[in-house]
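Letters A, B and C mark the chains in the order given here, with residues in each chain numbered from 1 onward.
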Amino acid sequence: MLINLLVVNPFLDNLLKVLSLVGLMTISAMSLIYLERKIAARFHMRLGPTRTGPAGLLQSVADALKLLGKEDIRPKSADPWSFELAPYFVFIPAFMMLVTVPFTLLLNVQMFTLGLLYLIAISSVSIVGWVMAGWGSDNRYALIGALRAAAQGISYELPLVLAVLCIAMLSQSLNLNVIIESQSTLPNILFQPFPLFLFFTAALAEMNRSPFDIPVGESEVVGGPFVEYSGIRWSMFFLAEYTTLLVMSILIVALFLGGWAWPFGENLGTFWQIMLTLLKTSFVIFIIFWTRVSIPRMRIDQLMNFCWKVLIPLAFLQIFFNGFILVLELPKILLSISSIGLLALLVVIVNKSIQNLNKEIVS
Amino acid sequence: MTDIKKEIETQEILVNMGPQHPSTHGVFRMVLSIDGELITDLTAHIGYLHRGAEKLCETMDYRQGIGFMDRTEYLANFNAELSYVMAVEKLMNMEIPERAQWIRMILVELNRLSSHFMFVGAFGVDCGVFGTPFLYSFRERERLIDLFEEITGDRMMYAFFRAGGLAWDVPVNFESRVEEVLLSSEQGIKDMDGLLTQNEIFLARTKQIGKIDAIDAIDWGMSGPSLRASGVDYDIRKAEPYLFYDQIDFDVITGKNGDVFDRYFVRLQEMRESIKIIKQCLKHLNPGKTLAEGASRNLRTPPGEVYIRTEAPRGEYGIYLVSNGENRPYRLKIRSAGFSNLQALKDMVVGSYIADAVVILGSIDIVLGEVDR
Amino acid sequence: MTDVANNLSAKFNDLWKKIDSEISHVDFRREEDITKMSYSDLLLYVKKDNVTQFLEKMKNNKVLDFNYLRCLTAIDLQGDGIEIVYQLYSLKHKYNVTIKTTLQNDDLTIDTITNIWRAANWHEREVSEMFGVTFNNHPDPRNLLMPEDINDSFPLRKSHPLAEIEILQGEGIDPSIVDGENK
């Protein structure tokens, strides 16, 4: 709101917004790295960074300076074009995603009518960058990692879209602000817990975060597509990774947890709306960090089976139920029941498959 | 479908894992041929940590050799030292004081605990957990190592056993300290159950992976937990009791299936058995001497040979000692468990996925210092 | 000394009798010399040509059932050749036996036993590179522990010096070049 009032010239206005986005991106990535290190350290019963600055707060700054000062190495046998361009293909989509993120009702760069579609479309562009990095590095670990990333990214696009579709059916819109406004009394998580799980899982896979960090798994492919990168190029991948993390978390908050609207309605001041969004986002990010430190990595075939044989059929079921209930204008409680039922079904399927492993042992 | 496959030219890729790779547990190197994600062939390369311990021992007297045993098996040093000093004692036909024997048993079992803690933690990392089981188990291992430091003065290279007993007696608060450490170790094992054994993804990653049946495992000369996971009831502590293992009540843990999970689970259960053994040993600890009569610094063994095998955490740690009547071995062969277990890796890995190769290698629990010697 | 030897031979008598009665058509003998006595296991000597045959019988005989190859190694006896040592174990009956065979220095070859126990594979490769013994028909006769290109020196032989052939850093460079620069 402040920015909107101060700057009248639309060109200057947008320039200022984009520049502030760059600032936001860097600062949020650095603080998220610091937070991840501190939170992981707490889970590990160690201290994490303590020496640089008060409580190690400047650790990320020091790391960034170190990365800037590092030599930018390109292997002799690497393909120069795809190797050098790959970081931009990962970095720019992450940056573009920030454009339509709803921090508050008014504070955003541009709220599109089809904002959700835009976000999903842009987020999948980064796969191109991953494949370019893997192919261009001329390293076998990188190649394996890149192909894993491509397979995983494209597969999990589907559950992501299907989960979004469930929400769009509920709110009758793809505009993120409309979706949030529709949740000002009750958040979508109450009606759609299964799509929330779906979206959370798919988002983890899209971001290549644990337990789906298969493309970068350091105990197998030693960092995957980034093996050969160093210095500033490597840090661009990192920046993109944490920006995607931020955007995806805000998206989860917007779609399922009521964004800035729930539980205080739309008339809260901009400041408190930002605080509310950040609070919820921090909670989601904390859960993502928590998953990372406590769950082993899945294997690529298990990941694919989970996506195609479990998540997608169940997602279609949810869409079918939603459509059925909404068209016949049945009470909304049925949405929750159907969704919780699907969640229970998922748990049963997973338990069954684990038990099958045990059965084979007996025979 | 077959026609399309013929038209597209495919090529197997060779992937070189190691010697610089985070999950080859040291400097092991394996060259994998992969077809997509599937492994079609594996060539193992060892020897990057070969320091010629056997040759060096031939040039040094018996007491100096103890230090080399520490450096071969650097995660279970007491177990390695035990085999060596027992070989010398057998040649000398020495009577070892009872107290020394009981303390040896306690230390050896404690070392088995610390080594298995290391395994469980590292195995969690191999499965892709970001550090949590690793640091939890390392905390327990740290407590054990602190205790070893209090006793021997060193955290890793103890050189505490002597032919004829121990270098010196344990501190006066030894018993209470051991009980204290055992208490926290018990909790640590429970933590591991919660962090790994009950985790669905962990189960999916480890069950039915890297299977090897009993006949193959015996044929490859595997030993220790890796062999017992295949269902072979062979533990040297029971089969050919040494020290006072025949007076102690404990179970030999065996698996059913010979897969990665069984190898993990056998080790975890074995840790519980070790705690049981130590608790019984503590009851037998009476004051007394810790070094035998006639155990001098410079021993001269009668000519002859001896093959001593003991149950180290990774399996059979054998010392084949040939003497020609001098004060140093004429030939010393270290038969390490990891060396034989690692041979079977190819059988287990071929046909599984790349991610499994790392987990299977982790489940054999190799120590390269012991493999390469 | 003789007491110890007598005790030991009494200890292994049962097993010796069993092996003696079970295995026929192969020449083997028991070690009687006190100075070469094994303090832990029964020690048998077999002629080089019969080793594979003998070991195969030891493994496949139902009464003996030596199914586990503990260890395979060699001892350099300097003038008397090289001894190959096999340590066998029967998981079923809990018997141990050590079998030795002597190779003369002018003919350091012996048949592989990898077809009997696959466990012998790496052990034989190690013996081969460390002692210069050739194992006929070995499936994978590469160096195991040592670099691929060291095929002419055998470190565990007694004649091999311990430190003399160590190449220090900078050695092996053509001295004339260094000298030329100095001049």
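To be clear about the criterion, a contact is a pair of C-beta atoms (placed from the backbone, for glycine too) under 8 Å apart; a residue touches a chain by one contact, two chains touch by 3 or more.
Remember, it's a predicted structure, so these values are computed and weren't measured experimentally.
Engineer: When you take the mean of every protein CA atom shown, which chain's own CA mean is nearest to it?
Structural biologist: B
Engineer: Let me check something: if the centre of a chain is the mean of its CA atoms, which chain is farthest from chain A?
Structural biologist: Chain C.
Engineer: Rounded to the nearest whole Å, what is the centre-to-centre distance of chain A and chain C, using the mean of the C-alpha atoms as each centre?
Structural biologist: The answer is 60 Å.
Engineer: Distance between chain A and chain B based on Cα centroids, please, to the nearest Å.
Structural biologist: Result: the chain centres lie 42 Å from each other.
Engineer: CA centre of chain B versus CA centre of chain C: separation in Å?
Structural biologist: Chain centres of chain B and chain C, defined by C-alpha means, are spaced 24 Å apart.
Engineer: Flag every residue of chain C that touches chain B in the complex, lowest number first.
Structural biologist: 1, 4, 34-41, 43, 67-71, 73, 75-76, 85, 87, 91, 94, 96, 98, 117-119, 121-122, 143-147, 155-156, 160, 162
Engineer: Tell me, which parts of chain B touch chain C in their complex?
Structural biologist: 46-47, 50, 52, 54-56, 59, 90-91, 93, 218-221, 232, 234, 239-240, 302-309, 316, 318, 320, 322, 325, 330-331, 333, 335, 339-340, 342-343, 372-373
Engineer: Across the complex, what residues on chain A touch chain B?
Structural biologist: Those residues of chain A that touch chain B are 40, 43-46, 140-141, 143-144, 210-211, 213-214, 217-222, 292-302, 350-351, 353-354, 357-358, 360-362.
Engineer: Once bound in the complex, which stretches of chain B touch chain A?
Structural biologist: 13-16, 21-23, 34, 37, 124-132, 135-136, 139, 195-196, 199-205, 207-208, 256-257, 259, 353-356, 358
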